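The same subunit A turns up in both complexes below, where it pairs with subunit B and then with subunit C.
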Partner chain A sequence: MRLTFKKGGIHPAENKTASTRIEMQPLPMTVCVPLSQHIGAPAEPTARRGDKVERGQLIGRAAGTVSANVHAPISGTVASVDNAVLADGRPGRVVIIKADEESHAADTAAREEYWKKVADSSFGDTSNDPHTPEELRDMILGAGISGMGGATFPTHVKLKTGAVKPDIMIINGCECEPYLMCDDALMRNYALRVVQGSQLLARAAGAEKTIIAIEDNKPEAIDAMRKAAAAFDGMEVVAVKTKYPQGGEKQLIAAVTGRYVASGALPISTGVVVDNVATAFAVWQAVATSTPLIERVITVTGDIPAPERKNYLTATGTPLSELPFTLPENAKAILGGPMMGRCAVNLDAPVTKGTSGLLLKSTGAKRTVYPCIRCGACVDVCPMGLEPYLLATYGRLHRWDDARQADVADCLECGSCSYACPSNRPILDFIRIAKKRSR
Partner chain B sequence: MFTFLLTVALLGMLGLIGSLILYFTSKRFHVDEDPRIDEICSLLPGANCGGCGFKGCRDFATRCVKQENVDGLFCPVSGQDGMSAIAAVLGVKAKAHARKVAVLKCAGSCQARPAIHEYMGVRSCAVMDSTGVGTTGCSFGCLGCGDCVAVCQFGALSMNPETGLPEIDSAKCTACGACVAECPRHLIELRPAGKNDRRVWVACSSRDKGAVARKVCSASCIGCGKCSRECPCGAIEVKDNLAYINPALCSACGKCVEVCPTKAIHATFSINLNSAES
Partner chain C sequence: METPRLIFSTSPHDHTKRTTPGAMFHVLVALLPAIAVSLWYFRLPALGVLLVSVLSCLAVEWAVTRFMFKRPSTLADGSALLTGVLLALNLPAGLPLWMTAAGAVIAIGVAKLAFGGLGCNVFNPALVGRVFLLISFPVAMTTFPVPLADGVTGPTLLTSVKLGTMSPDELGMMPLLSGDMGGSMGEVSAAALLLGFAYLLCVRVISWHIPVSIVAGLAVVDLIAGYPVIPDILSGGLLLGAIFMATDYVTSPMTRRGMLLYGVLIGMLTAVIRRWGAYPEGMSFSILIMNGFTPLINRYVRPSRFAPRRKEETA
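Our next item is the complex of A and B:
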């Protein structure tokens, strides 16, 4: 019996065809760093126009409880603190930093040396880390780490546990989204660092047991992680069934621990904290090397020539268009995976902390929407046990109260219903509206 | 024959018991309702549009009777005359209420703001707004799928296929506010109809900087502030690169309409540009 959540789920074509090597994407000469790369309040800019900033220097301070710090990904001069159009086409506040030749060369050299050190396993051992959980949380806050699986919830907030003390830390290496391979690549190449980061995260949350969950379509990553985790106490690497949305927080908790999060409750109520492997890696970077979150691995894939489907270690703020790819005909760009990713209309916009991938699809013909035939396929696949057809109807007919009664707020917007619908009905689109307006 | 009689007797008894239960419950739980509620209800349009802020016409009538006057209550569909009639039922007088109409704060027609993206989803503004930015480069303007038209119960809104924007028939508009609540981009505002139906408003909602806004839409407000300098009433404020005309201060003189370089300020009356130049 392979571990998985009990109800629903789908098996979309995986299309995980990108190379698992991590290439270094050169640092750009100009970066545009959004002050809101996380869920919650945008960071308050601390740098002003004309300021000289160093790589890794704080340029935006977390404003409010749910917020995250933002750091300079390159050294240079702040050209402006202004509004710019971001990838989704909407404006957001950004800090634009321009490098000169000299600082660019220095940054590049420092970066290469840093990653050489990261690859050297004798460096940066954190198993006897002297910091207390509070200090670790402060370091995570200081480094501006927010969940890197896509939802970008500030990690320090998640670790600040209230009444319920967590006993299990789950590190999410499922990467159930088709196409994406950034977590896979990270686990294969930096397994030790991810494990060390996981241990730090577990200590910061106060959990005794750490479980690293990886979908069984990534045997190499599982092997690498098992090897790296063998020397650690209370650390276990488990293979979970390849099924979408296995990487959903509530689904993963159910699969690994058998615990269920009550409707409307937070996952912490079951005594479990879930964090992504890339987040664990960023935590190790913050604690062992005092490096804030200014770089991340992103997958560039889709309908582009096979040699171009790669994972890049990219500085945040790098324009998406600087990544090397040939735009397919009738291109549709998606930030993240095809299931939950967001449509990107502006490729000059920057990579952010939550950008796990850039998926370039060439669009086919528009699919005809047929009437609902009441087959119940959406009900079968819904991992939350909801009735998507009903919620979508409520959304379409403006019946917000009914939608609330039918627990629309529990929908995780995984899109399994729309995927499974034989009539191509845009079920999730209307559920999203019902969810928003029934609040 | 016996079976037949037994059936009739049994059913008759069941019916009798049922009717007795119904009779006594209706006596026991009888609610005295003010007959004026029904009277006011008959005066109301019965569209249950919610424009008054209550759940429906009956809820509104109940409230009128409960507070024994119509202060602070207004049925936008019935209008001033209707409210006077309702007040008469209660034996009071209705206060004067300025008529309002809906205006569209976007002028991004297909010509002024060409489509640059393709949208393949459902034709619904709400869906379009939740999945992306729409088909144009403007993230503030009208999405053009007509959610507001669908929600209007009075036929006051219609899509103009040439401009791709909804048009508001101010004669039919009852200012119920259904379209205001429906527009995912909050582009419709209820403004006082004004003296002699003269009103002026900024037909743009873009808070982008002037150059950016201008690039994607030739009819956008660029926040230059010319209108606010020209306004003799001090009614115009420019905030976040967007001008807003305060209807309480505006005298509808039309000076701002003349000076606006992008023609983003609309008026219900025509302005003689030649006389302004001479």
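Our next item is the complex of A and C:
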């Protein structure tokens, strides 16, 4: 029996064709760093126009409980702190930093030095890390780490335990979105660091048990992680069935532990905390090397020539247009995977902490929309056991109360329903409206 | 540098290859064996009924959307074509062509378009057409040509049994499977229908739930009533109805559990009508009755949620 969640789910074409090597994307001369790269309140800028900043220096302080710090991805001069249109078309504040030749060369040298150290397994052993859970959480807060799987929830907030003490830490290496391979690449190339980070996360959460869950379409990553985790107590690497949305927090908890997060409750209520493998890696960087989250691995893939499909270690704030790829005809530039990723409005938009991939899709002919034929496909695939066709109808007819009664709030916006509809109905669009309006 | 124009849309950005016309097409393919058998057995009269039924359905759909709804043509979705074929297969070969056309007008015009078109109808259009004809022209609708015998007509197996002229055990299995017996065009060969069922399961256009539960429901009543089960399943349009009519997406329930309930009830109703009702065959009526209950089933047989609602915490 392969571990998975019970209800629904789909099997979209995987298209995981990118190389699993991680290439260094050169540091840009100019970065545009949004102060809101996470869910919650935007960070308060701590740098002003004209300030000289060092790579890794704090430029935005977490504002309020649910917020995250933001650091300078390159050294240079702050050109402006301004309002701008962010990648997905929403407005937000950004800090623009410009480097000069000298600082750029120095940053590049320091970066190379740093990644050489990271690759050296004798360096940075954190298995006997002396910090208390509180101290670890402060370090994570300090490093500005937020969930790197796509939801971008500030990690230190997740680790703060209230009434329920977690007993299991799940590290999410499912990468159930088609196309994306950044987590796969990270686990293959930096398995030890991910495992070390997982252990730190578990300690910070106070969980005795750590389970690293990986979809079984990534045997090399599973192997590498098993080898790296063998020496760690209370740590287990499990293969889970390849099925979308296996990496959904509630679905993964159900698959791995058999516990079900009740409607309206937080995952922590089941005694489980879930964090992404890239987040674990960032935690290790923060604790072992005091490095904040200023670069991440992103997959550049899609309808571009095969040799261009690669994973890049990219500084946050790097404009998408600096990544090397040939833009296809009628392109969509999707930040993230094809199921939940958001379209970028233009290619000047920056890479952020939550950007797991840049998916360039050439859009074909417009698909004809037919009436709902009540085929039940959307009901079959909904991992939350909802009735998407009904919720969409409520959304279309502005029947917010009915939508609430039909548990629209449980929808995780995974997109399985819209994916599966043979009539091409924009089910999820109407559900999003119903979800917003029925709150 | 000119910034390239990007296309913007909401997620998801990937989509299944399945389409609504594709599903209709698969059902048509699955019907090919049954169509072939009926053309082979009934020759020209069958071809006439098939062509008139299909063409009338297409014409009515086109004319009503064009002149009354003033909307773009919906012929491309394939549903009118499929209704035409299904209606023909539910009629006896040799039915006067004008009656066939009248059935098509009722099927598409009244049962489908008057309810709002594809996806909005409550009752299966082809079956409404058939039942309308059955009630209006009972004699023509129950005059079944005997396969391969020009001009000879005969009763169906179920009618013979009902009239007491024949015991169901008398007819061997072979004619039932191959179709060498009286009946409407599509129902005569169980083997051809089962082939179509296998195809539909393979391409995953329908699931097993409705057909199997219909057969199960019928079998249960038969066993209780002490009636031979196998001939009952293989005759009287049961398989045609179970595989192709009751599984119509629009008029059947959305959830697997709902489908099972719907199917079992259709099977039981059919057996009851066949044994104790006024009509020798009960499939069309049972399906239409349960079509009427489908909205109710959808309302009460809900998919089970991922997890129950959190209990309201009382402070």
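Quick notes
As a working rule, the second predicted complex is superposed on the first by the 439 of 439 C-alpha atoms of A that agree within 3 Å, B and C clash if a C-alpha of one lies under 4 Å from a C-alpha of the other, contacts with A are read in each partner's own complex, and residues count from 1 in each chain.
We take it that a residue touches a chain if its C-beta (ideal position, glycine included) is under 8 Å from a C-beta of that chain, and two chains touch if they have at least 3 such contacts.
Remember, predicted model here, so these are calculated numbers, not experimental data.
With both structures placed on the common chain, the touch criterion links A:83 to subunit B but leaves subunit C unconnected.
Residue contacts after overlaying the shared chain place A:433 against subunit B, while subunit C stays out of touching range.
Look at A:363: by the touch rule set out above, it reaches both subunit B and subunit C. Looking at the shared chain after the overlay, A:91 reaches subunit B, while subunit C stays out of its contact range.
Once chain A of one complex is fitted onto chain A of the other, the partner contacts of A:347 are limited to subunit C, with no touch recorded for subunit B. Residue by residue along subunit A, subunit B and subunit C are tallied for touches, and C comes out ahead. Annotation: subunit A residues 89, 342-343, 345, 363, 426, 429, 432 touch subunit B in one complex and subunit C in the other.
Residues of subunit C touching subunit A in their complex: 3-4, 6-16, 18-23, 76-77, 79, 117-120, 249-256, 302-311. Of all the residues in subunit A, the ones that touch subunit B in their complex are 82-83, 85, 88-91, 342-343, 345, 363, 366, 369, 426, 429-430, 432-433, 436.
Partner subunit A is touched in their complex by these residues of subunit B: 117-118, 120-122, 124, 126-127, 130-134, 137, 139, 207-209, 212. Residues 7, 10, 12-13, 89, 178, 250, 254, 260-265, 269, 327, 330-334, 338-348, 359, 361, 363, 367-368, 370-377, 379-380, 382-387, 389, 407, 410, 413, 415-416, 418-424, 426, 428-429, 432 of subunit A are the ones touching subunit C in the complex.
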